Amino acid sequence: MKKVLRSVLVPLISIGLVGLIWQLVVVGFHVQSYVAPKPLDAVNAVFSNWGILWPLVLGTIRETVYGFLVGAVLGVVLGVVMAKIEIIRRLLYPLLVLSQAVPIIALASPLVLILGFSVAPKIVIVAWIVFFPVTVNVVDGLTHVDQDLLNLARVYGASSWRTFTQIELPAVSTPLFSGLKIGATYAVGGAIIAELVGSTGSSLAYYQEHASSNLQTAAVYGTTLVMTVIGIGWFLLVAGLEILLTPWQRRTTARRRRVASPSGSH
Amino acid sequence: MLVGKLGVVCAALLEIESIGKTFGATTVLAPTSLRVEEGSFVSIVGPSGCGKSTLFNIVAGLLSPDAGGEVTVSGTSILGRSGHVGYMLQKDLLVPWRTVEDNITMVARLTRRVTEEDRREAREIATRYGLGEFLSHYPKALSGGMRQRVAFMRTLVAHQPLLLLDEPFGALDAQTRLEMQSWLLDVWRETGRTVLFVTHDVDESIFLSDRIVVMSPRPGRVVADLTNPLARPRTLDILTDPRFIEMKSTILHLLHSRENS
Amino acid sequence: SSSGASLKSITFAYDFPGPDFELTPVVVAQKEGFFAKAGLNVSVKFPPNTSTTTQLLTTGAAQVGFITTTDMGVSVNAGAPVVSIGNYSMSNNWALFAKPGVQLDAKHIHADLLGKTIFSYGDTWTEAMLPFVLRHAGLKTSQVKILTAPTGNDLTDLLAGKVDVSTSTTNYETPGFVGAKVKGKETQLLGTAVGAPNIPVWVYATTKSYAGKNPATLRAFMSAISQATAWAVAHPTEAATLFDKTYPQSGYTNAYNLLGWQLTIPFLKNAQHQYFVQTNAQWSTLATALKGIGLISKVPAPSTYYTNQYLPKG
Amino acid sequence: MKKVLRSVLVPLISIGLVGLIWQLVVVGFHVQSYVAPKPLDAVNAVFSNWGILWPLVLGTIRETVYGFLVGAVLGVVLGVVMAKIEIIRRLLYPLLVLSQAVPIIALASPLVLILGFSVAPKIVIVAWIVFFPVTVNVVDGLTHVDQDLLNLARVYGASSWRTFTQIELPAVSTPLFSGLKIGATYAVGGAIIAELVGSTGSSLAYYQEHASSNLQTAAVYGTTLVMTVIGIGWFLLVAGLEILLTPWQRRTTARRRRVASPSGSH
Amino acid sequence: MLVGKLGVVCAALLEIESIGKTFGATTVLAPTSLRVEEGSFVSIVGPSGCGKSTLFNIVAGLLSPDAGGEVTVSGTSILGRSGHVGYMLQKDLLVPWRTVEDNITMVARLTRRVTEEDRREAREIATRYGLGEFLSHYPKALSGGMRQRVAFMRTLVAHQPLLLLDEPFGALDAQTRLEMQSWLLDVWRETGRTVLFVTHDVDESIFLSDRIVVMSPRPGRVVADLTNPLARPRTLDILTDPRFIEMKSTILHLLHSRENS
């Protein structure tokens, strides 16, 4: 309980401190409101325009979720294939690094041209960002699974599939989730860049761009806050999923204790 | 010929016939033969690198030996085929993401659907050997000795008549090791399995076994196959028994003269 | 009065991150000595993006700037102390463009736009003009698909068939289309033909505080710009060559620059053949339009936006 | 030798395959030249405009180098401070994650407003991207240094400074370089976004933007190639530095063998 | 009083006086006293968790004991002060980023500038004890036994008269262990250091030591302090010496009766 309190309280204190510093800078240096808003004005700009913002936020979330799922699945599949087949690993690894050295912004325009203004290019961009840490971590994890554990499975004649689901998959859960958390954090940034290159109707990125060109700095900063909150929320969701799916990392006993001692003793 | 061979093999559960292993240019294991009678406890001692684990890996079906050898269990060849022995290493190899109960049933989980019967058996054996309280614990909550016990129970419920134990107590401290040795002897007596045991600890090999096989440095081969004259059950007191001391001295000299050759 | 030391140095902020043909009058004023004759030494600064020219002015990084009238509108609304000192163009050359093979006609504009995908950079000008066109065509916003792409490219999307109609100004769209060397001809339809108000797109602007302290400098600036504009209109080929010499790495061809400037010329004068002169009507029309689409909160007096007092007499 | 050959050859084969697929798609689907160029046209667009591109490339490299250095130093310092002082670690960790959830593109505009149009905002953005993996890895590495090794230093009365330079710093070299390599890969992408938002005059990003608005797709793709090459080059440089500075990772003996056996024997 | 104390202490290099340690509510080490004469080799055996390493950590200055105790080396208090003993663990704790030579001089590197004299000494000692060929190798290129030897050389060149060795051979296989034991005895004889040694291996403790101190389970205290009657130099043959067997039996029973108490 105390631990939970602390793990919620401390981040809140940190965020509070950032808000305070921001407020002090704006007030202390007499920053004009069309240069940078006060933190509360930025928050206010979000709430007072929530009716307009909400559908845009939903749109961005949708892109992020789809892109994340595609990226995660692709990342895992690619990771497994690369871990299992050495020639593929050798051929694809340089391309993996290459893929991340391509500036996302330079990638977005051609993608839109090819895929149109639908949600597709956004999904591709988000997936492009998400798959990389997932693949790298899965490859790394799978190639470092304890060889003796794998031998144990072989000794008892386990099939490759059971070896995979019973040994290899759980063994890579930690690096896999690390990769997913990294991907989750950066996913929104990718979606925003893709939105800027073209959306039918409005988008969160365009809303911000528009506010920016109209000198509505409170709305600009407010939108940034919203984007950040989506990113953090997505990160926390994945982190929560990890806690749920890997109970052995934090607990000493399984949640549902089975009825023990069928012999009736003690 | 087959009948003749079967006739010879019948008395032995495991028969290893001129099994050798060469990695690249180095021969690790010279062609080696060994018989293990049903229900017996046989230890192998030998210098590090003489191919003990290699031999076990061949019997377990993880490695294929050089051509010309044969391994049979109950008269049936198991060369290059897995699923015919129980195998346990110095590392306990428990999976951290499974509870004690699920680790004990791991072999079933690796080969088929786990049944309620499997679970019942795991609970029963764990309770019988003092781990009933820990059935829903994850391995990290256990001490080294408890983990080795779980690993051994997992090996037991695989229901193989032959158990290969490769230095299972090597990582334990001396006191825990003593406890585990007594415990292993209890279980062995109660379940009637056949055990082939590798250890570096000469005291341990004498304390536990019916026969002690001494191997030479690489390329490994059997240099002595000693029958243990000490009666069972054995207690700490056998350490001062002259037959124990003589046996230990013989083994140590066998190991040591080879070492400096 | 042309010795370098005695010239007054000022910085001119353009509206686009790099140089293009709308900078021609300033280049001509620099290269043909109109600025020097007026006692000025003008250097050009390019903003990082199309929405920061106002900030260059208010932060003092530049003294005079080139912005769209809609940017003036929102800047004033946001409290930025900027003021327009002269129109650049006098009429509205914002237009709709259809992909090759598709017709756009003012007579059946309703049918031409119904259900179509219209490209917009999401810039304030397009946002202000599109509602006029849709109202004129008798269309609701929901009856067309508006595509906003702040960092997209209308021409590529149009040619690739990703959109049916794009929006831009005639002087930029046509040279781009010509440069693309695609088969077929695109149709263009001036916004003013389908309901858009005929108001200027770009102005020269400064800050109120700079204007208060440096009226003579601003007068000298507008006078030099006036002579340079007249010269560039009279000698378009020479002007384009001057531009190329000044900015050899602009990335544009001479043909593009020349065509762009030639297409700009018709919009520089109003019906009375005047340059630069601003009116109450243009600003109140604009402010009302901006208020109508919610971009500004109140319509101020037109005089808030501009002054003609630095324009050359006569 | 064979190993070196393979580690150069395989990436080249991979890149060649990508080029081939690109060529086949463009030719096979009759892609218009204003939609996507052939690979050789893109490469050609780079070489034929090299005179214009070179100073822009230099500019981007400069921003990347400065930003990388600032980010690396900041990342190490922050990592050390966070590893050593628990309360700072607790307070800053959430902000670290938060900082990466902010879309870079939303960060760029306000930064330009605050820092002006100089090289400063680009440095800040690149550093913002680079510091994160460095800090996270340094904190992780330092908090996992073998406690017994640290005790060994204490037993012999080592100062904190010597313990740091002799034990802790070399012990975190692997995670530190991992962080730096990740940072290096993403640095150029950050610089490009910053250039797009905040360059007066010319920049690589603007050159591309400009080529794009003029339908010079060969130049657009060519510029992307150049950006990617800068990113990969930077990655390889850091990887090379790692090989140079951590010889114990790959070699069994030190490079310069000292004269042994002063007793003159053997 | 001081003179009197000094008078008593002079014969002993290390004097531990009623040193105890309590973590939170559990007393790990009951107040314990122990004297180690200069130049002697004293082993401590005791069940796991009885506080042997805790005691070493206190002597090394890593932990502070409960109030009331005292630790002196050559009559000077070293309570809570580091830099006065050589310390070596089961883990060799070589740094992977330094060559053998640089690992041997690591203590100098951790406290001051490494001199040419330091290097010369490291090269000399490595050459003398058979590692001259490996001076510029990184530790990963060495076998477990070689690594332990380098770790011991590092401890030696720290030039502390008192060496604390906490199960230094616990991780080695039996044969390597035997070699290392002989080697350690050689070095000890040649360098004249005083050694306090922790082990779980009773054979090892008898083979090596002048005195064997047996400790009780937690909270640890000294239950026996046995003087080893066996003459030096010792060979493998002492394993069959009746005095060896008697001593081993005594120690094992001491350890085991405690275990079940």
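Letters A, B, C, D and E mark the chains in the order given here, with residues in each chain numbered from 1 onward.
Going forward, a contact is a pair of C-beta atoms (placed from the backbone, for glycine too) under 8 Å apart; a residue touches a chain by one contact, two chains touch by 3 or more.
Predicted, not measured: the structure shown is a model, and the values here were computed from it.
With steps allowed only between chains in touch, the distance from chain B over to chain C comes to 2. For chain B, the chain with the farthest CA centroid is C.
Each chain's centre was taken as the mean of its CA atoms, and the one lying most distant from chain E is C. Centre to centre, using the average C-alpha position, chain C and chain D are separated by 40 Å.
With centres defined as mean CA coordinates, chain E is found 52 Å away from chain A. Centres computed as Cα averages put chain A at a distance of 48 Å from chain B. Within chain C, residues 55, 151, 153, 156, 160 each touch two or more of the remaining chains. Annotation for chain B: no residues touch 2 or more other chains. Residue positions of chain A with contacts to 2 or more other chains are 35, 105, 109, 113, 196, 205, 212. Listed by chain label, the pairs that touch are A-B, A-C, A-D, B-E, C-D, D-E. Every residue of chain E that touches chain B in the complex is listed here, in rising order: 47-48, 173-176, 178, 200-203, 236, 239-240, 245-246, 248-249, 252-253, 255-256, 259.
In the complex of the two chains, the chain A residues touching chain D come out as 6, 10-11, 13-15, 17-18, 35-36, 90-92, 94-95, 97-98, 100-107, 109-110, 113-114, 185-186, 188-189, 192-193, 196, 205, 208, 212, 217, 220-221, 223-224, 227-228, 231-232, 235.
The touching residues of chain C, when paired with chain A in their complex, are 50-51, 54-55, 58, 71, 74-75, 77-80, 117, 122-124, 127, 145-153, 156-157, 160, 162, 295. Across the complex, chain C meets chain D through its residues 17-18, 45-49, 52, 55, 59, 61, 151, 153, 155-156, 159-160, 176, 179-180, 182, 249, 251-252, 256. By the touch criterion stated above, chain D contacts chain C in their complex at residues 32, 34-35, 52, 109, 112-113, 116-117, 196-202, 206-207, 209-215, 217.
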